[in-house]
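Quick one: structure below, then a few questions.
Letters A, B, C, D and E mark the chains as written, and numbering starts fresh at 1 in each.
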């Protein structure tokens, strides 16, 4: 048996009858969240088949990683899943620290946990707004962003960037927390809790939104696991898999929080899981913000090009979208021999091929949105 | 490895009741949503918009905000850069190019031009962090749009010559003046090492451009 | 019906003048055409500006601010720009239909405006089948949408057009059903008569309960007919890029855009005329002193205020609700609105037969 | 399960499997010939139950003229990891497809085909996933050269 | 270009006073165009979040410039904001999108990736080094990603370009206010000084 290489035309060409037609959704389409291209086989409004076509923002990050030092590679991970830039940085930092045997202190880990959780909230806020927009309600988008700007401000004050942070470095964090950080975070929590209730009223309890989400795009637990889906997508299917609990990193082992899981795996469950995750993240922040331990914020000199002993290291963190893993292959030099990033969206995306057939175009949009896809993260 | 440690909380199901009950509940949910939007509509104080070009006088970036790289010059107009190239090596995308020269008087390596390509910079702060003499700084000047991208190649030094410490050791101002030559802060688009800019950028100007005036 | 207003319309005046002098008659017609065009253009721009400002304030922002004070010339700038923008006809499209489609949409809107009594003295044509006429010509708009979708040779456009076709035709039924309630109560299809019949109270509350139900059904159904959120499926941005007008640019796109907004006014005006008393001031039968105070505001202003209120309501919907799905849209019409509409119509007929008015004459 | 337990469990299934050194978690190198059978048993064995293929990628060991294919497995039941790898020659890189075991492998293998040029037998839809269909060469191979690429300024 | 812009100058110019009329028409049209920049909903990566989403959101509100009418269809859009990396697979699509847009059309390249390839210049096999390799770019907004205010500054510059660099007489030809090659001795500060006037509250409107 030899391997057969196919083309897109052959893939599309399978079993089209006269009633069905193909449409290209993307690369430029408002609801593909970037430049994802979906080739849809439609029968009227009903989706028969979805063929995702990737690579419209494939930037060859893994190749570049073979030429950059470990510290330099961190800034490229910002640009993968730019909504979880800090968690991505953390994954690289964690891998390098593990491989090179760099010990961090309590303060560094607490800062990392705090900013990562803040960004998780920001990411979910953005998702909530965009989800509303994909359902046709424009206002949630602006409310989500209005509240996200508050977090952006907090992070900007400490980190100095709004989106691509490059903050968490191997061996520490770039800057110490800003003196105003604790006060502002507390203010934000007090501000945001009532707003979260508004989110619920505006969209979660809205009958139209509920009808659009109820039972749409059911992803069975077994399917989700076999597809390697992670994060809220997997949890909404009822599998309580959260790296923050199952293999705690940072200071997640010391804080109390719950893992929201779905019951059926439809769009509503994915929606609810994310909204609930915002609450849990607020809980985590509340527990940590009071006593941040003292210590140095950076233990490795920034100009040092860290050398990593020979071997393979795989480290992963839980971003807002799922498990972001870094496979680091070192041959003992100060640049990696090979660096592979396992991005959550790559696996999550393929769920669409399983859950979309049989639903309408409008549901497809809901489903893509409920998977919360960031395209550069898929393409890398 | 027990699942109970995860404390899973399960999503509540969406319930349906009868035909009329659904209509009533549905209308109620719609009205509640309208109540929220109307509250914002009727309270102009909730408007959070910052009017950018109008608020320029009061708009202040955070101290740490990273936008434009600068090489601060002290009150005498001297910087601290020794042209050690650590920042150049720390830069992940080759945005920094330190052009050094042999000092005419001292005979030591000193900074000639500090070329920074804003067009490819990612403002990752690696250069600032790496600088052993902390002579670099990123400031929050974000108004840098241009019509021509070759204008985004900056020269950060005002003079070619040794660092401020070396210069200030020389007591005599005339003697000191001999040690450095002025350079334009922005001396036109400069090709990096005489090669073309990647991305079809035209090779504009020459590296040895005449100095304009006294700084 | 003690209103005391004498209604003459431009059409009537033209008809009166026609036998005497052809020129005078033509003058009235010209006046009507120019007036209507100007009215539509200004109204459209004002509505678009209002929509953008209202939307902004629903969303905690300011909206257009930089073109004129508070951006009031924003839509003027938009219009001039669209006027001078390239008009693209895709190579593979059906050229004639593609060029003609926007005019159909626009025409339907203009024709509907003709019959609306905006004040006792501002009404272009007052025909005795006004309600029927408006129902008929607004249904005409779907033709433009269908043609636009078909002729563009774009699958998204076609999907949008087909959605629009199905949606508009379905909801026409419910809209007409609720109009019939008012026709039953007022005993006329002539719009001016319907307005005059509300001198003592508006049908929304004078017709006991059925008036409110009919008003709600009419509002929902007409929202669907003019494809406003939550029924904006034909142009659902997140689903079909831009729906049926995906391939239109420049002036022709502007016409669709304008038609959409003027349609919103037509619906509000219809709702005002039929349910909210039209230009009739707020009167309570028998309380003359109160009525006299209400009469201080001219009828035109009453009409404008009421229409503006309904327009605001429609915008409020748009900036709060998500969009329905195609099958839910159909389900809402055929399983919810239509049965309720039937029952409501039957109840209305009963009420009329037995003379159950909220305020008896 | 602990690392050594996992490795001995795998070795019980496949005697030719040898532990892979210098990996931060349980890792084995398995022969290509019976790879699919081994993976099927890894997935189905009740003690192992590796039901999730976390990631799959390749490493180009150009000095040894081989591509090492790395499969990172995870079990949501037992919550343990296993890295399984196999080496194929660079010039004739052929591997059985894992698509029947984990559906996600379909796309992960397409990616590895795209970037490394490994051909998977039994793959239903093997075509480039990230790059254009008419792309020449496999860019993540160490010897990939391209007129378009620029060397770093170092 | 549309019918009016194509035929009008040739018809009007010979008429006495025609060129005055054209000039004032120019002013009106350029005013309208510069104040009604409808962007295409298009973003490939990180910059899309900042310059398309955050800039349009309540805090910064693109609507103040009349640019909140994001059109999903390129036919109706005036402004193509290249927000994010353009890779070789996307390049033909970007060109197609640009070609589908109706004249007059403007392009802003935001962020390092769209200006020069940014972090992806070296050792990279797929990233196009700058959107201007594919389509003509009017304004470059540096940043990675630029903050929304920086994008607004770019929009102000584009408005300046439209007001000063276009005429009905030569449709489709655009003159950039600042020359491509700088005369020796002009610093970036001076260029920014030149632009500062349009940032004043009353200077923003002509």
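FYI, a contact is a pair of C-beta atoms (placed from the backbone, for glycine too) under 8 Å apart; a residue touches a chain by one contact, two chains touch by 3 or more.
Everything quoted here is computed from the prediction, not taken from an experiment.
Ranked by separation of Cα centres from subunit D, the top chain is C. Legend note: the chain whose CA centroid lies nearest the centroid of all displayed protein CA atoms is A. Top-ranked chain pair, ordered by C-beta pairs in contact, is B-E. Separating the CA-averaged centres of subunit B and subunit D is a span of 41 Å. Centroids of subunit C and subunit E (each the mean of its C-alpha atoms) stand 37 Å apart. One finds 45 Å separating the Cα centroids of subunit A and subunit C. Taking each chain's centre as the average of its CA atoms, subunit C and subunit D sit 63 Å apart.
Residue numbers of subunit E whose C-beta contacts span two or more other chains: 41, 57-59, 61, 64, 72, 89, 119-126, 144, 147, 204. Shared interface positions of subunit D, defined as residues touching 2 or more other chains, are 79, 130-132, 139, 144, 150, 152-153.
Those residues of subunit C in touch with two or more other chains are numbered 58-62, 65, 237, 241, 319-321.
Residue ranges of subunit A in contact with subunit C, taken from their complex: 21, 23, 29-31, 45, 132-139, 142-143, 146, 202-203, 206, 208-209, 211-212, 360-363, 365. Chain contact summary for the complex, subunit E toward subunit D: residues 88-89, 121-126. Contact residues of subunit A toward subunit E in the complex are 27-30, 34-35, 55-60, 63-64, 66-67, 75-76, 78-79, 82-83, 126, 130, 141-143, 145-146, 148-149, 152, 162-164, 375-376. Those residues of subunit B whose C-beta lies close enough to touch subunit C in the complex are 23, 30, 33-34, 36-38, 40-41, 44, 46-49, 51. Subunit C contributes residues 52, 56, 59-68, 71, 73-74, 76-88, 237, 241-242, 245-251, 253 to its touches with subunit E in the complex.
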